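Scrolling down, you'll hit the structures one after another.
Heads up, the next two complexes both have subunit A, just with different partners, subunit B and then subunit C.
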Partner chain A sequence: MRIRRLAPVLALALFALLPIFVREGFYLDLLLFTFMYAAMSVGWDIMGGYAGYVSLGHVGFFGLGSYVAGLLVVHYGIPVFLSAPFVGLLAAVVGAGLGWISLRARGTSFVIVTLTFTYVVQLLALNLRGITGGSSGLYLPLLDLPGDLVILPFYYSMLALLVVAILVSIAIRRSKFGLGLIAIREEEGKADGSGVNTSLYKILAFAISVSFAGAAGALHAQYLNYVDPDLAFELIITLNLIIMSLVGSRGTVWGPVLGAFILMPLSQYLIYLTPSQIAGQVHLIALGVILVLVVMFMPDGIITTYGTWRRRRGTARPTDAESAQLPEAAA
Partner chain B sequence: MSAISTTATAAADTATAGSIALAVDGVDKSFGGIRALTDCALAVGEGSITALIGPNGSGKTTLFNCITGFYQPERGQIYVRGVPILGRRPSDIVHLGVMRTFQVTRLFRRMTVLENMIVPVRQLTLRSLFTAAIKGHERERAEAHLEFVGLQALRDQPAESLSFGQQKLLELAAALMAEPDILMLDEPAGGLNPVMIEKLAGLVRELNTRGMTFLIIEHNMGFVMDLCDPVIVMHRGTVIAQGSPDVVREDPIVLDAYLGD
Partner chain C sequence: MSGELLAQSIVLGFLTGGVYALTASGLTLIFGVMRVVNVAHAAMIVMSAYLSWWLYRTLGLDPLLSIFVVVPVFFVLGALVHRVILRRLAGRDLTLTVLVTFGFAIILEGLQGTLFSSNFQAINTPYSLNAFEVLGIFVPLVRLLSGAVALVLLGGLYLVLGRTDLGRAIRATTQDPRSAALVGVNVERVTMLAFALGVSMAAAGGPLLGMLFAFYPSTHWLWIGKLLAIVVLGGLGSLRGAFVAAVVLGLAEQVMNVAASPDWAPLVFYGFLFGVLIVRPRGLFGTLGRESL
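What follows is the complex of A and B.
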């Protein structure tokens, strides 16, 4: 039990010290993106896993964060590392507004509204040329750091974002709020009749959920020193978050993290293996295949399936990870 | 109409009175062309154990759903201690102190018994939202209620693994977590064995002595006549009689509409 509790701390220490020993840009870049996707997937799971409301709009908030942070640095010289938390907050406020429109009702309208939101923000980024640069995009100033060190602030920022996302997810899962979200997922009508203000809970969850996408978008824009409507609003970013969460186990704290740490290296390896002309398509096909395989053979994801298997063998006490799972895992 | 007047006007008059916990005033509810409730009016006295009886399809559960915000009536008004509640969502009505159970038990089946107990919320505060759910005062309350209904040993079991009777008791215990002033039970004795029914009656009596008001839909006449006073009788979506069990039992209209069936 103590080892299980210590494992995340040891992993954090390892990742914090890694850049001292590993100077290879490729690996730091891979880890940086893994942290980013893991943080966003943990955020997505607060809404999609705990409350059971699937959002296709997280990339809209990612793009919004990219543009807002980009504009702040270009026009006002505010460094992204300073603005990113506030961009996350702004994403949360916009998310609350979108949630207020779409989450007061039950059902699938939320999925459509979030997808529409992504396209609306993308269209705005494309058409408000005077502000966003339109299809030419927005160029952000380079950081004034030596080439071999420039990755480090982003590496640590993304790691910090992931740590915050995990801590928030743990706090929510252990709180009455988190239990209310799971109750919504289990039976929304009954939850409402138990005094759970389902609209408020969902709006709050969505606001928290998208804040990580907004902050990640901000850091991502500065990391690439560039943002354009295609790059910032790629739907595949949201799909990645969903698949990572599904692979690891939806509705768990660690599932999305595990999913990101499996899928990101796998994606990069695939892209490395395949010719650049078809790498994107192969990546998409691979994601599709993984999604189908998970849905068919492991619909509960790795952590929940493993927990169920151990319990069936009758050898296990509930693990920390399992105790943070959705009720079906505990069943 | 017999025993006590149950007109809409009477209910409206009593709605603001201090001794009335719950008043329904001229409520209509239709589903397509079917009128489930027609000018339905009744009043539930503070601290009473009031029964709501009637033949199947008489509108009892529909009325429960209207009172608790699950359905919105087309006409009329409902008052909780004089406060009009029509148009409010179910959670708002819980926050006013009205809690209910369901005819077909509705639990968060894949949650544990203890988690089911922690979900209900009487008062929404930021602090209550973000403090740890299953520990401290909240857990102590949950365990006390589970002990009260005899389910403490099963607290870590998934709710779906409980027997039908245990699920009924869990739903009751979870409802108590919201600290309701008015508890509405929809066929609480349905499907329970005589021992469990006796236990349930004892629980209701004990809670009532602590000041809780009950409105109970029940088909088990022995349970109703022993436990409840007054008894309100519904037929075809409206109240046709109310009074003490003895008065209702002898009422020819009631006998004709319900007990004589």
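What follows is the complex of A and C.
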């Protein structure tokens, strides 16, 4: 038990100190992206795992965040490290609006709305040329830092984003709100009947869920010093979040984090292995195949599957809060 | 906008709307029996367009005739995919099926990029640039042909659903799978055939849309947006609704093309989509309750 509690703190300390020892940009870059995806995937799971509503549109909020933060730097000189939390908040407000449209009912309209929202924002980014620069994109001013240090503020802010995401997820998990969301996933009609304000809960969960994508998009725009309508709305981002959450285990705090730490290095390795002309396409096919296989053969993900397996062998500790509350996480 | 231009927009919009109706009918048919949006529907259309383009380039097969090739191929593939993958997910959390179709869309997009490169492609036949003029209205030949073919195929689908035992079984399953099973419908088999039929409609739309518009592997995200707007406006699961909505939106898009600019035309679809969901989630002809939306 003690080790379980201590492990996240130790891991955090390790990642915080790591840049002192590891100076290779490659590894810091890989970790930074892993933090970013893990944070967004934890966010995705608040809606997709706890409440059981899968969003196919998180990249829309990522792109929205990229553009808003980019425009704030270019036009008003507000640095992204300052604006990112507010961009996250803005994403939450937009998410709540979208939720109001699609979440009063149960099911399909949420899939449809989240899927198309991305293209609405992308269309605006493309066509409002006077503001966004259209298809030629938006160049952000470079940070005034020496070349080998410039990665550090991004490394630490992505790490901070991940920590916040995990803390929020834990807080929701332990609250009445979190129980309500899980009740919605298990049996929405009964949750409604037993006094859960299901519409409000779902809208709130979705708002929180997308705020991390918005903030991540803001930081990412400055990291690349560039935003354009293709880069900011790459569907592979949503796909990654979903796979990470599924592989690790939907509906658990640590599942998406585990998934991100498995999938990101694997993806990088795959891209490194394949010839560059077709690397993007092969990556796409591989992720699609992984998604189909995971849904078919291991929809419960690693953490839940392992928990069930341990319990079957009779070695599980029933006091283990994490697994006891949620026996069938991805049912 | 002059009167002639408006008349022309209406004619062109109606013809394009017919092709939209054909492809949307497959989407709404699949939703009816499975209660799931086939996210890969437009990716299947684009795949069929590529296949038709390839058949034309290598064998010189006319794109309109290639419909006789792509439809059976996709029917068999659809039945196989249902049997091997989707059937196993029946009766479980519907979101799993949605995620699988999302995976299909991604895989198809990646395959198209690998096999055919990511460049723009269009099916250009010798008659692609032909057009004729009636009463001052200028109609490109391919628009007329694709619109006519789409209407014929839709008529065929209408007869299959209205006059055959399979059609009755599909309609019964759409209304209530459990009651359908009680009166002796083999729901699993009917669902498989309906899915294959829906996929075939997407396949039939491939050559037609491929003659009208340029396409590339990620075009399907634009097209699925259009199709979703159509089926939502028409009412999910309603074929008649899909037809009316497709013509309405085809017209609106054409008018927007001329009146504003083609850049903003997709906004017509998204505007209708979000508007309908706010005002009347079950669409024009929807019979489904809020439960399944």
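Definition applied: the second predicted complex is superposed on the first by the 318 of 331 C-alpha atoms of A that agree within 3 Å, B and C clash if a C-alpha of one lies under 4 Å from a C-alpha of the other, contacts with A are read in each partner's own complex, and residues count from 1 in each chain.
The rule is short, and it goes like this: a residue touches a chain if its C-beta (ideal position, glycine included) is under 8 Å from a C-beta of that chain, and two chains touch if they have at least 3 such contacts.
Here the structure is a predicted model, which is why all the values come from computation and not from measurement.
K.L.:
Once the structures are superposed on A, label A:284 by its partner contacts, choosing first (subunit B), second (subunit C), both or neither.
P.N.:
second
K.L.:
Look at A:194 in the shared chain and tell me whether it touches subunit B only, subunit C only, both, or neither; answer first, second, both or neither.
P.N.:
So A:194 only meets subunit B here.
K.L.:
Could you look at A:171 and tell me whether it touches subunit B, subunit C, both or neither (first, second, both, neither)?
P.N.:
After superposing on A, A:171 lies in contact with subunit B but is clear of subunit C.
K.L.:
Per the contact definition in the header, classify A:82: touching subunit B only (first), subunit C only (second), both, or neither.
P.N.:
neither
K.L.:
Now for A:17: first (subunit B), second (subunit C), both, or neither, which partner does it touch?
P.N.:
neither
K.L.:
Should A:182 be classified as contacting the first partner (subunit B), the second (subunit C), both, or neither?
P.N.:
In the superposed model, A:182 contacts subunit B only, not subunit C.
K.L.:
In the overlay, work out which of subunit B or subunit C sits against more residues of subunit A.
P.N.:
Looking at subunit A, the partner in contact with more of its residues is C.
K.L.:
Is A:54 touching anything from subunit B or subunit C once the two structures are fitted on A? First, second, both or neither.
P.N.:
Only subunit C is touched by A:54; subunit B is not.
K.L.:
For A:116, decide between first (touching subunit B), second (touching subunit C), both and neither.
P.N.:
In the superposed model, A:116 contacts subunit C only, not subunit B.
K.L.:
Would you mind listing the overlap between the subunit B footprint and the subunit C footprint on subunit A?
P.N.:
On subunit A, the overlap between the subunit B and subunit C contacts is residues 330-331.
K.L.:
Show which residues of subunit A lie in contact with subunit B when the two form their complex.
P.N.:
Against subunit B, subunit A makes touches at 171, 174-180, 182-183, 186-187, 189-200, 326-328, 330-331.
K.L.:
Report the residues of subunit A in contact with subunit C in the complex, numbered from low to high.
P.N.:
48, 52-54, 56, 101-102, 104-109, 111-113, 115-116, 118-120, 123, 126-127, 235-236, 239, 242, 246, 278, 280-285, 287-289, 291-292, 295-296, 299, 330-331
K.L.:
Could you please specify the touching residues of subunit C with respect to subunit A in the complex?
P.N.:
31, 35-37, 39, 85, 88-89, 93-96, 98-100, 102-107, 109-111, 113-114, 118, 217-218, 221-222, 224-225, 228-229, 232, 236, 263-264, 266-267, 270, 273-274, 277-278, 281, 290-293
K.L.:
Could you pull out which subunit B residues touch subunit A in their complex?
P.N.:
68-70, 89-92, 94-95, 99-100, 102, 106-112, 115, 118-122, 124, 128-134, 138, 158, 160-161, 174, 178
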